[in-house]
Every structure is written in structure tokens, then in C-alpha cells.
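Note that the chains take the letters A, B, C, D, E and F in the order they are written out, and that residue 1 is the start of every chain.
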């Protein structure tokens, strides 16, 4: 029978393998979500740009047109870049994630490419969705400015707190996630101590 | 052979593991449905906003325009926030749900993130679908106000009871679900007693 | 070796488990079809409502506009409610259906929620598809009334028998399904008798 | 060891089971294809009807409008009925097809519902696709009649042989399929004879 | 232990089984791709035909209209026929491909239907994609003829070499595929010789 | 027990098999992504071309029209060629990748077709996405040139650095990938040395 120390060593090794596997699967799902969300929102941005009633633009103050143009361009660019990064990494991660064998997880490039995945995720989810809400603000102003400025102001009063709520959620969520990771590590350490003590 | 008490203990532990696994799978499906439903309904909201015949808006009373603008904005914002929350949580839940091994279920963050999942679910399903029905009411009024107010009133008389039915269903369903959970717990306890008595 | 009576008991129990599992899988597929069909048809209804050439509505008799408005509203409401019910039940049914182990089938809420599933199915398939055919009738009348009433009448003469055929099929199909279930029960009973006689 | 006769009996029984399973899987795929193809083609029919430039219809001869109206209505009705039949049968067939155990195949209603599946398949694939080609003919005539009748005639001279080719293929394919089934039965019988002779 | 000759016989048989299985899986994927690509490209053809600005057609030379009409009709017809053939064969091939047991591969009709699958594949991929590039050429000419013939000529100078490149690739690819098959057969024969020699 | 040398030989062989399998899976995912991304971006290109307000083109300088026409044509052609190559190779790679048995990986043509896969990948991801960003630049200029050149210039000042960032990322990513491959080979060699030394 293995000695208690060897048992702990084995357990720690198995836990590490599991954690590596979990990171691989998480990265795989993140990359798939980036592809889906970014192509959807980039598509909406393109449609909003193309379906613009060009002939009526002269009625609007230039600041509004400039804001709309830069926001739409940024929205499409951000999602295109996120899509590109996701598309480049996905085949290399997915090829190992589909094998359903934990031992191969270490050979996947998802840890060395973690920085790239994080950038794509931030571009697509955090910046991209935030820009989408700002884009909505510009569309509201362009649609209702002439006929009912009150409607524009009410839409603004709904959107501004929403964007703040959005930023708040993103901050809270990542703080919670970090805490969850730390607590899981502490739990693991406690577990090790208990095993070591027995 | 294990003593009856140990058998009960083992059964209770296995049941708990099963319940944890079931909650994980339910959360996973809920998050996928949130992504699907919210992107569909947010898309419809955006299309309704962009395809608005801006030139004809002057004919409408301002209260209608303001109502339409706030309802559409709220619809898109609610679904965007639900989408964001769902998208942030899904990779962490899905990575464990895909492993198809019950023992890992406890390590998933779906219980500590239950509050976030419930908010996303309520935003997407309860508030989001309700807003969609109200949006339909505004579209009916904007399309038929000038030519046939009777059509608008009939559409309203169909939609108002539907929204009430919708609220009623949501209340009934959650009451039923809570009852089902309680009765399943009671059944489990009965089961434990029977095993204990034998 | 088990006595013949025990063997029958075991067989009956296994059959019941199989029937429960089959009902679970059927409910799961039904809920997925509801989501797909209802979001498609509700989308078509919304598009038909939004793309209405509002400016030309004055040329039509009011009865046609009122009929179109109520039919479209009903179509969208019916499918939205079906979607809502389907979306609320699916995660609880799907979480167990995905486990691929028959013994868990009894713990799924698909039997206690059968009534809700049947309502959603009837709303989405029977009432929803019927309303879609009536909607088609209204669209035909609105598109061809001015230029060619003959075309409207021919479209009507195609659609009315189709709607009758549709009702006939629904009645026949459910009668056949009920008969199939009864005959399968009778077959099972015969089987039991044969086993019992031996 | 089993006698040669028993071996043949066993083989025949296993072959029958396999054939039943194959029919089940084929029916399952057919129903899924019906859902996909019919919702696509019905959608195209609806779009062609709704996007009709109503104001310009007066320029066309009435026979063209009547033909277009009846063809589009028929196209949508045929695919809606196929969709309805497919949607009603699919959950009952799919629930057993997903179990991946051949022994359950006999309990599926796909044999007693074969007639309904064949009707849905014929409506969706044979009649539905044929109507789609005729619909294309009407669209060509309506788009090019005023500006270039030559284009209309050339499109017709492409479409008429295509529709004949289409009918020819359908006839040939079903004759080939029937022959394949017969030859497979004959092969099986030969196999039985060979086993019996040894 | 089996004699060397028996071992070779066994290996050859297993290789044949594997080759048959591979052909089955390849046919299955080809049929799925035909369905996807053909419905996409046929849809684009229909949209290009329906969204034609009919009122402005009189400005174009008749040869352009006739070419556009015949190309679009051909594009839709070719993809519709490919879709029909694919849809008819897929259920019979897919039902066996999904069983994941090599021994059944021989019973699938994918070898006797190889001719049909090849026709559908050629229609969808080779002729269909080629026609799509020619369609693009006609769209360019119709969009830019009046305002900027230079743009039309530049688009033509991009498209003509592309179509040649496309034809070249198709020829090269099939030559390479045939060579790969031959070399794999030769490799197999070498392998047999080596085994036989030992 | 095998000698240390045989153990290394076995390990090297198993590693090679794993690497071959990984390349097969990666190629399979790459081909699927090419199909998805290319059909999306080619579709956007076609829509941008067809929805062009032809009547207003005379207001633009010819250089803009020529640039837009060539960029759109190139975008569609590049993605169509990538789609064609992907579609031709996918069935032959996918048929083996789906078998989930490593030993067959060597028989797949994904290594002999690596050159074609790389061309399709470069066309679809690198050149195709780059052209998409340039297309966005042309759309911005065409939409805002008349009403607000400032908006066009700001959109340009966002897009030009983005395209540079895009090129930078592509270069960095491939350099990193090559380095990862080399380091993994070195690690393997180290591993072999360690095993050999023991």
C-alpha cells in the first residue's frame, strides 16, 4: 500500500490534472461562445451601418453622425478581432478537448495561449457588449431626435444606468470568480492537511 | 456487509451527489436557453427599432412614441444583460457538465453562482418575454392607429389577457416547482425512514 | 432461479421503467420542437406585422384589417406562450434525459408536468399551425384584393380545404396514437398471460 | 452447439431486428430532413408573397397573378402540412431511436406510422420541391415580363426540362430503391440457402 | 496460430471492411455538405432574383438581362436538384453510418448509389459554385454599368482569373485524390507482399 | 519486460501516432471553421453589393466606386474559393476523424492535403478577414462622404490601426505557434533522453 505521503502526492497530481483539463474545457467553450456572440454582434453592427437612411443624414447634428460612425466601426472591429483570435486558437484547443482523455490535457496550448484567449474574451464579452449598448444609445437618438426628443432622453435614462450596471456586474463577477478560485485552492490545501494528519 | 445506518448514509450521500449533478445539468441547459432566447428577442427588438419608418413618426401622439422607445430599449437592454451574465457563467459550468462524471459536480461553481443564474433566467424568461408581449402591443398601435383604431383595440383586448395569463403561468409554475421539490424531499425522508425501520 | 411470478413482476417493472424513460425522451424532443417551431412562426408573424405597408392600409375594408390584426396578434401570442412554457420546463426534463440512465427517469418532473407540456404542444402545433394557415389567408387577401380578386378567391379555395385537412389529420393522428397505446398495453397484458401460463 | 436450423433461425431473427432498426433510423432522419427542408421552402414562399410589389401588379395579365397566387399558396400549404405531420411523429420515433439499443426498435411506432411518414416525405420532397421549381418559373415571368420577355422565355426553356429531369429522377430513384430492397432480400435468401446447405 | 496466408486474407478482409466504412462516412458527410451549401447558394440566387429593382431594368441592354435571368435560374435549378438528390439518399446512408459498427457498412446503399451521390456532389460543388461566381459577375455588371463601367471591368478582371483558378483547382484536386487512392492501393499491395514474404 | 530502448521506441511511436491524430482533429476543426466563417463573410459581401443604392452612385467619385467594387468582388471570391477547397477536403478528413480510433489517423489524407488546407485557411482567415475590414472602410466612406466627411476620417483612423493590429496579431500568432511546436519537440527529446538515461 502507498504511504500517506505518496497518497497525497498522487491526489495533488490528480487534482492538477483535473484542473488542467477543466481549464482546457473552459477555454474551448469560451472560444466557441466568442465565435457565436462576435459574429452575431458584428453582423448587427454591419446591418445598422448599411441600412442607414443616407439621404436623411443631413438633418442630424454632426456630433451625432460622428459618434454613430465611430461607435459602429469600433463595434465591428472589436468583434472581428475577437473572432479572428478565437478562430485561430480554437482548432488547436478543440482537437485535444475532443479526445476526452485527461492525460492529453497538458499537451494542449490553452495555457500558453491563455493571454490571447483572455484578450479575445475581453474584446468580445466586456468591450464588445458594452459598445453594443452604446450603439443602441446612438440608434435611439438618431431615430427619435427629430420627432420626439423626450423619447430619446427616456431611452438615455434607461441605457446609462444599464451600462453602469453592466460595468458593475463585470467587476463583481470577476472578483467572485477570483475568490472562488482562491477558496477552492484553500479547500484543497485543507484537504491535503487532513489527509496528511490522518 | 454495511450496517443499516451506513447503508442509509451511503444512500443519502448518493442522492445528494445526484441532486448536485441534476442542478448542474439544469443550470447548463438554462444558460444555453438564455443565450438562444435572449439573442433572438434582442435581435427582434433591434430590428423593430431600426426598421421604424422615421419619417412618419410625426403623425403619432408623443406618448405612443415615448412608450415604444422605452419598451424597445428596455427589451434590448434586459436581453443583453441576460446574455452577458449567461455568457460569463456558461464556460465554467459547461466545462464540468460535459465530463459526464458525477463526482466532479461538486467542484462546479453552479451552486455559488446560483444567484447570478437565477437573475439571468428571470431577466431573459420572465421580464424579457413579458416585455416582448408589451412591445407587440406598441407595434400594433403604431401600425393600425391611423387606419383602423378598432384593429388596435381588438389586438389590445387579445394582448392584455395574454399578459395576465403569462404572469399567472409564471407564478403557478414556480409554485408547482417548489412543491415538486418539497414533495421529493419528503419522499426521500420517507424512504430513509422505511430503510431505517427495516 | 426466480419463480415464474417473480419473473413476470420483474418484467412488468422493467417495462414500466422503459415506458417512463420513453415518455421522458418524448417530452424532451417535444419541448425542443416547440422551441424551434414556435420561434420560427412567431418570427414570421412579427415580420408580417412590421413589414405591413402602413400607408396603403386605407384602401382596404376595415373588416380585413381587423381580421389581419387579430390573427397576427393571436399567432404571435400563442407561440410566445408555448415558447415560454417550453423554455421553463425544458431544463428540468433535459437534465435527466441527458444522463442516459433509465433508473433516474422516475425522478424527472415530466409526468407531473405532463399537463403543461400538453398545453404547450397544443398551443404550438395544433392552434399555432392552424393560425399560421389562417394568417396566410389574410396575407393573400391583402396582397391581391385590389388587383385580382380572382387570385384571392382561388387562394381561399386552396386554403379552406387545407385547413379542414389539417384539422382532420390532427384528429386522426391523436386517435391513432391513443389506439397504438391501448394495443401496446393489450399486447403487454397478453405477453404477461403467456408468461403466466407457461 | 446450436443445430444448423437454429443457427439460421437466429440469423433470420437478428437480420429482422437489424432491418427494423434501420427502418427506425431512416424514418428518424427523414423526419428531421422534412422539418429542415419544409421550413426553409415554406419560408421562401412566404417571403415571395409578402415582398410582392403590390402597387405594380396591375401591369400584369391576370392569368399570371392567379397562377402565382395559387402556386405560392400551394407551396406554403404543402410544406406546412408536411411540417405538421413530421413534427407530430418525430418525438415518438426519436425517443426510441436515441436509445441506441436495437431490441427496443420493435416498440417504436415508425412501422404503424409508415403511411403518415411517406405522405409527409412525398409532400415535402416530391411535391414541395416540384412546386418550388414552378414557383421559380412564375417569379421569372413576373420579374422580366415587362422589360425582357426573351429572358422569361429562356428561363422557361431552362426550367421546363429541369422539372422533367426532376420527375424522371424521382421515378428512377424509387425504382432503384425498390430493386435494392428486393435484391437485398434475395441475397439474404441465398445466404440462408448456403447456410442451410452446409 | 493462423497460417501466414490466412493472416493476409484476414488483413485484406479487414482493410476492405475499413475502406467500405470510410466510403460510407465520406458519402454521409458529402450529402450533409450538399444540403448545407446548396440551400445557402439557392437562397442567395432566389434573393438576387426577388430583390431585383424591376422598374430600372429598362436601362440595361437586353443581353445583360437575359444572361442574368438564365444564370440565376440555372443556379437555383442546379442547387435544387442537388438538394433533392442529397435529401433522397441521405436517410438511407445516415441510418447505417450512425450505427458505428463497421460490419453493417456493406449493407448500406452508398456503393450502389455512388453514381447519384457523385452527380449531386458535382452539381452542388463544381457546377453550383462555378455558376455562383458567374452570377457575381452579372450582379457586378448590373450594379455598376450605368455609373462606373470601369468598376465593372475591374470586377470582371478579378472574376475571370478566379473562375479559371477555380476550374484549375477542381481538376488538380480530383487528379490528386485519384493518385492518393492509387498510391494507397499500391501501399496496401506492398504491405501484403511484405507480410507474404515473411 | 521490454528493454529501455524498446520502451523509448514504443513511446516515440505512440507520440507520433498522437501527433498525427492531433493534426487530423485540428485539420477537421479548421475545415469546419472555414465553412462557417467563409459562408458568413461571403454572404455579408453579397448583401453589401446587392443592397447598394444604385441610383445614388453618381454622386460618388469614381475611385471610391471602383475600390468598393473590387474589394467586394475580391472578398466574395476569396471566401468562395476557401469554401470550395474546404468543402472538397472535409468529407475525406471527417470520415476518419469521426472514427475515434487513433490507429486509423495515418490513413487520412490530411497530411498529403496539408498544403491545400493551409491555402484555404489563409484565404478564409488571414486574407478574408483582412478584406472584410477594408470593405468596412469603403462602406463607411460611401455612407458618410456626402453628409459628414469628418465621420469618414474618424472611422478611417479607427480602421487603419486595427488592420495593422490585425496583421501584427497574425504574424505574432504564427511565430508563437511555430515556437510552441519546436519547444514541444525539444521537450519530447528531453523526455527521451531522461528515459534513455534511466
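Everything that follows uses one rule, which is that contacts are C-beta pairs under 8 Å (C-beta built on N, C-alpha and C of every residue); 3 or more make two chains touch, one makes a residue touch a chain.
What you see is a predicted model, and the numbers here were worked out from it, not measured in a lab.
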| item | value |
| --- | --- |
| Chain hops separating chain F from chain C, counting only touching neighbours | 3 |
| Mutual neighbours - chains that touch chain A and chain D alike | none |
| Cα-superposition angle relating the copies chain E and chain A, to nearest 5° | 120 |
| Furthest chain, CA centroid comparison against chain D | A |
| Chain separated most widely from chain F, comparing mean CA positions | C |
| Centroid distance [mean C-alpha coordinates] between chain F and chain A, Å | 21 |
| Distance from the mean Cα position of chain D to that of chain B, given in whole angstrom | 37 |
| Of all residues in chain F, the ones touching two or more other chains | 51 |
| Chain-level touch network, classified as line, ring, star, complete or other | ring |
| Ring of chains, enumerated from chain E in the sense that reaches chain F first | E, F, A, B, C, D |
| Parts of chain C lying in touch with chain D, wherever the complex brings them together | 18, 21-23, 25-30, 33, 36-37, 40, 44, 47-48, 51, 53, 56, 125, 129, 132-133, 136, 139-140, 143-144, 146-148, 150-152, 154-155, 158-159, 162, 165-166, 169-170, 173, 176-177, 180, 184 |
| Chain F-touching residues of chain A, taken from the complex the two chains share | 35, 39, 43, 46, 49-52, 54-55, 57-58, 60, 62, 65-66, 68-70, 73-74, 76-77, 80-81, 83-85, 87-88, 90-92, 94-96, 98-99, 104, 107, 109, 112-113, 116 |
